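Think of it as A, B, C and D in the order they're written, each chain with its own count starting at 1.
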Amino acid sequence: MNNVKGLKIVTIGGGSSYTPELVEGFIKRYDELPVKELWLVDIEAGRKKLEIVGALARRMVRKAGVPMEIHLTFDRREALQDADFVTTQMRVGLLDARVKDERIPLQLGMIGQETNGAGGLFKGLRTIPVLLDIAKEIQELCPQAWLINFTNPAGMVTEALLRYSEHKKVIGVCNVPFNMHLSISKMLEVEMDRVRIDFAGLNHMVYGTHVFLDDQEVTDKVLDMLGNSEIQMTMKNIAPLPWNPRFLKSLGVVPCPYHRYYYKTKEVLEDELEAFKSGNTRAEIVKKLEEGLFELYKDENLDIKPPQLEQRGGAYYSDAACNVISSIYNDKKDIQVLNVQNKGSLVEIDYDSAVEVSCVVTKNGPVPLNMGKLPIQIQGLIQQIKSFERIGAEAAVTGSYDKALLALTINPLIPSDELAEMVLQKLLEAHKEYLPRFFQ
Amino acid sequence: MNNVKGLKIVTIGGGSSYTPELVEGFIKRYDELPVKELWLVDIEAGRKKLEIVGALARRMVRKAGVPMEIHLTFDRREALQDADFVTTQMRVGLLDARVKDERIPLQLGMIGQETNGAGGLFKGLRTIPVLLDIAKEIQELCPQAWLINFTNPAGMVTEALLRYSEHKKVIGVCNVPFNMHLSISKMLEVEMDRVRIDFAGLNHMVYGTHVFLDDQEVTDKVLDMLGNSEIQMTMKNIAPLPWNPRFLKSLGVVPCPYHRYYYKTKEVLEDELEAFKSGNTRAEIVKKLEEGLFELYKDENLDIKPPQLEQRGGAYYSDAACNVISSIYNDKKDIQVLNVQNKGSLVEIDYDSAVEVSCVVTKNGPVPLNMGKLPIQIQGLIQQIKSFERIGAEAAVTGSYDKALLALTINPLIPSDELAEMVLQKLLEAHKEYLPRFFQ
Amino acid sequence: MNNVKGLKIVTIGGGSSYTPELVEGFIKRYDELPVKELWLVDIEAGRKKLEIVGALARRMVRKAGVPMEIHLTFDRREALQDADFVTTQMRVGLLDARVKDERIPLQLGMIGQETNGAGGLFKGLRTIPVLLDIAKEIQELCPQAWLINFTNPAGMVTEALLRYSEHKKVIGVCNVPFNMHLSISKMLEVEMDRVRIDFAGLNHMVYGTHVFLDDQEVTDKVLDMLGNSEIQMTMKNIAPLPWNPRFLKSLGVVPCPYHRYYYKTKEVLEDELEAFKSGNTRAEIVKKLEEGLFELYKDENLDIKPPQLEQRGGAYYSDAACNVISSIYNDKKDIQVLNVQNKGSLVEIDYDSAVEVSCVVTKNGPVPLNMGKLPIQIQGLIQQIKSFERIGAEAAVTGSYDKALLALTINPLIPSDELAEMVLQKLLEAHKEYLPRFFQ
Amino acid sequence: MNNVKGLKIVTIGGGSSYTPELVEGFIKRYDELPVKELWLVDIEAGRKKLEIVGALARRMVRKAGVPMEIHLTFDRREALQDADFVTTQMRVGLLDARVKDERIPLQLGMIGQETNGAGGLFKGLRTIPVLLDIAKEIQELCPQAWLINFTNPAGMVTEALLRYSEHKKVIGVCNVPFNMHLSISKMLEVEMDRVRIDFAGLNHMVYGTHVFLDDQEVTDKVLDMLGNSEIQMTMKNIAPLPWNPRFLKSLGVVPCPYHRYYYKTKEVLEDELEAFKSGNTRAEIVKKLEEGLFELYKDENLDIKPPQLEQRGGAYYSDAACNVISSIYNDKKDIQVLNVQNKGSLVEIDYDSAVEVSCVVTKNGPVPLNMGKLPIQIQGLIQQIKSFERIGAEAAVTGSYDKALLALTINPLIPSDELAEMVLQKLLEAHKEYLPRFFQ
């Protein structure tokens, strides 16, 4: 860290509705993590939102009485100069693009979602080139800085950054593992710090492979509780469809909420088709929520993160980013679940690929823990999604129609090569302006 | 080989309609492979078929003028004594069981098939314990003998034998790679021996990863032809649904006909549901074909393999078995595509698992060739099916309801944990008498 | 932990001269690690030493004013009942055996040492069967207990325990990594906690693969300092022969003091041959030191660990054991360097083998960190020593003359198959009474 | 092959004393391998030898009555134009350099040899840049051609070509496996084709891991015979020092003659030091032999390969090259032991490294067979030599003093970092003119 000048953090996509959570995170941690400058960067098209969020951030900082400077800018290069950490939270094409990612596949009878299936691929295709540009600028302007990405699809994005960017100080964060840890602790009726979970897998495809309560493994007990009680570990943006209890037991590891897309494909699809018909896909709901949030943010009397933000679905997302930044800054050596280069942590997965695993976070960045061999029953699905992520990342970088078609056809949520091509053509057309590499 | 006594081959499931092809195979090769005794073994329930087939076999041998003795027996142990090779081709529960394997899943809206999905699992659950018993007897009565299995699902069966049998001289054979080699040669309009194909994958999940014509690689050309011509490489028991040409091109390797189940799931399912409604599932068609075949076989004037057998769908199956036997017997060191222990041939697949790859066949058995790293795009699906096969084999051996449920839920053809349990219960009930390990 | 009854620790080989350090370690940590009972166990032949050490331990505890009970016993089973942790520090055959381990190889012109080469093998052959017996009793009498071994050769012993014992809660500890960390910090003139080192390799064959000072990697700088200054990181029992500075630079990672046996074989051998001639091998020096120590220990006025113990060579050995016990007890999640099952931590080493790597120590035991690919230049030697350890462990378990000969011949410190057999025969004869498995 | 113009083979280092064997090889095989043009290429310094050998070659061809044209040239580029196969057999610095490779290490008390230890490294340092230049020209002038190298150290050279050359159609050949196959067959008193051996390892570090006689494994029997009889499988350039029989038995696999350098280091060194003193190192003997051979070759009446060539030590070397060329040309699919990219054939060795293993030779080149897991006892040494080869190749390519020092220090035949630097300096000085990359 450049301790002389003080800690400088840059948030790209600063006009996001999540920013107040991030600002709150830095305020809460000010004693251990004295952020001197927080630069919120956005694009011209997001000027209005950036100004609203920036003003709120300033009120929050003032109220908290911490000497943190809030800078707003549309000049990314200016912001990146000598930064210590860069966080990225963006939505290329804004929520309108997400609506298309969800509705177009559903229109063709497939799951429409922003990180899985056809929608997930397209979010990746739009986002990856932008993040590679950012990584390139970081390498030039602040090569010591860590890039902390929480833009979805975080798995495919981290894969792309690790493989195609020269800048390798890259970490993908997600709130799913934290939420699972929290839910399981609640279910066990104990404090979170008495529960330790080995997390292994990919982003939105992560499993709790071993759950420990104090010095005892309680994985089976947790699976029993998950299967048989009213408690259904889930998240705001995933329908709380109950797991089959015997399946959970036979699985032997704790699935994440997103696993419903793969183990309950039929039920999830039916649920989404309902939402599609009524105009209540998650994207459409979020769009309304966001409008409400920005109305709130405008209120000049508001000087804290409004509680309504938690309805938005990304609770703890920004917190995960603050946590990793603080642990690096303070050499905490605590265990966090992050998207990093595998390096043997999961022996069945390619050494160079991005995985989401428990890591020790040191001043030199995260070091993955050895998660050991994956149970046979989950190896296949993880590897299949990894194939999808790798081909998807390649499609994003090359702008290759064929690679995009390949990524779609091998995705388990897309039921045939013909439907893959249909959804590809429709989505390419719909997102044309955000996919310059495909339309050269 | 016990050359003194002469070569002894035992065919378990000798009453199969395929047996005439096998007999023809031995007759054709008599000069290089002088089979002295061919023992056709079956169970009492198959007495009538065994007698019909046995009589035909004797007429064929007499007509050919080769001194090969045909023995018929229901006493497996007697047959196995000092055998040199044992082939296994059986159908526990006969074709009626296959009808259930196909129709019950379809009734619930899932693909019903005898080696894939729920039907494939149940064929494995019925078959594996029987084959393990046979392997145990071989280990006792003729430990030098090779077990050549061509009972489906050959992948899961070979996996189970390699992992759970003490007798390790086990080879799984299938006609798919031969058929692909033949079709591609025809498409290229050249003799088969000018075409060499690297085959890599699993049974019914095998890819031609490189196709060579003389000293040139022609894989892309073959994919173009496959995608764009009328020629659609397929097999009798798989609907000839055309591939999407751009998908084929992007895949970069030649899929096998069975890959339609995974890359054209929707179209295959629709096609099967049609057949389901009209009572023309493949099992039902085969049942009729078989009845016709046995009528033909009864004809005392018939003394050759009748050409109608080729309609049956298993052409070259028995031929593949004869080939591998002859190559071992003669130390031919030719290349054949077989189901064997991986041992690093496919680096992404567990060392101990069964794979279907190009092998050199020596007097000491097949040695797999190194197929190198699989293309990313096919790694995931192969590994997923391997997970299914391993859990399925474990279910068969243990009789565990939970493992069976797990195998079904992780199978990509079964769309949810709830449907998995429904189809499991129905199939368990339907096949109760052939699943003693599940009903203790 | 059985918190109700209080923490019970068993130290096998309790009469060791190191025990006062262990007792001091528990006293120092009493606030965080309230040991209620410390059982010192030894064999009848060690009665006198146990009584001397036990009396000193009691005086130390009394002086410190902590309510820790010291139990002395020759009944191992009684001691193990319901233990929480078992530490093992033993010397089968006592120092006289070590004298033979060192002098017999030297007599034949080979390096004689207690953890490397022929001497190391024989220490393993004598020790491993005893430790396997202990592990078996632990599994029976206190299956929840962790076995913390610091008996040399710790690498081969941990390998044997992980492979051949049913009890798998086994950790090997060594003071080498701590000493390296300490020396490097001193050399850099900073506090230890500002230095973080990735440790990777095997016991007495561990490398510092990356050295970080705060957020900067300083490995090259450390190698420069090590090569060019007067400072020569070493240990009491290894001659401080200077490294060739250019070699160190080209190696690119920090070797441990024991690496001199392999990278400076000639110089070490010459040095040892000098000592051999003058009767001053390390074993002979230690024998005198130990006699002196026990004279000191007898002093009824002594109630602290005497400073002379540090001359003994094992400084921080017992401390390492206390550290790991405390971290497990307190779920500290700190990083320690331990001998554990590899599980992918070193990708070039067998998944199941023992390795010495940086681990996070949780209440559920140590979890290895991913150390990533080893530099090419150190892969070979590590793997060669691992081959030696595995064959050595197999020899110890089976009592096979041939396996022992094989272990010796493949060891890089033994210059031929003929010399291997000569030293084998002499050492077998010399240690006959402690090698029952070889003389059945 | 460019069948229209006829088969064109280029032999670089055509003035070698081995060339008559190569010519004989092509003559013998003319019916199956109709070589139209054989181009013998050498450098100006070798003009005299090239002319002598070339004239003999022409006499041999005339005598045999085959229409093979012999072309002599010093213009490598002219020769390479449209070649089908290029063989390389060269000695940069001629035999005088080999004398230095052998005598300089011995002068410092270390084994001096042309493919192992310090001498082997220096042969690699001189040779690799030249071969990389040749490979570059092949890629430009005849990219379809296979480069068949039998220049030593063939392991390090193949490693360097596979890693650093763009032209990847590279095969390293060696006569060791053939000689082992021949010796073992003689020992068993059977024809070679009844014996099949799995070969696995590296060049001059290859093991027969399984020996089969007909359908039975006879490895143990062969080891017994090797250890206990007068027969000692060896080669002209390696002293026939007998193996310790119990060591052989415990090793469990058949070592190659060169393994004496590693398992009998002391005895080999003593033997070499004798030769050093008397001026009879192998290089000096070969020098005399070569002079004699060239005298013979000059004889205008000589029109066959003279039997004295077999004394030279490289018997079957050129034959091995002819064999692989013929098998590729004829798509023979026979099994040969070749140096190729590993690709998983040896699971413990890096996927991309050169290994020496049994391969099937097709028209598309060699495909390695899966040799399965190596026995533990040989894993370490193989990996250590692989480390040496990889660092050595890197030193050759970069001209790095430090990498060369590193390669030497990690080599098991070099007993310390200080001696490594001494021998490095002396050999660098001695070979200065052939090491331009080290003296820029």
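Quick note on the criterion: a contact is a pair of C-beta atoms (placed from the backbone, for glycine too) under 8 Å apart; a residue touches a chain by one contact, two chains touch by 3 or more.
Worth saying up front: this structure is predicted, and the values here are computed from it rather than measured.
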(request) Tell me which chains count as touching both chain B and chain D. (result) none
(message) Farthest chain from chain A, going by mean C-alpha coordinates, please.
(response) D
(request) Report the inter-chain centroid distance for chain B and chain C in whole angstrom, where each centroid is the mean of the CA atoms. (result) 55
(request) Measure off the straight-line distance from the CA centroid of chain A to the CA centroid of chain C, and report it in whole Å. (result) 44
(message) Residues of chain D that contact two or more other chains, please.
(response) none
(message) Output every touching chain pair, sorted by label.
(response) A-B, A-C, B-D, C-D
(request) Write out the stretch or stretches of chain B touching chain D in their complex. (result) 1, 144, 196, 198, 210, 212, 214-215, 217, 331, 333-335, 343-347, 351, 358, 360, 362-364, 367-370, 372-373
(request) Spell out the part of chain A that touches chain B in their complex, as residue ranges. (result) 243-244, 246-247, 249-251, 263-267, 348, 376-381, 383-388, 390-391, 401-403, 405-406, 409-410, 412, 415-421
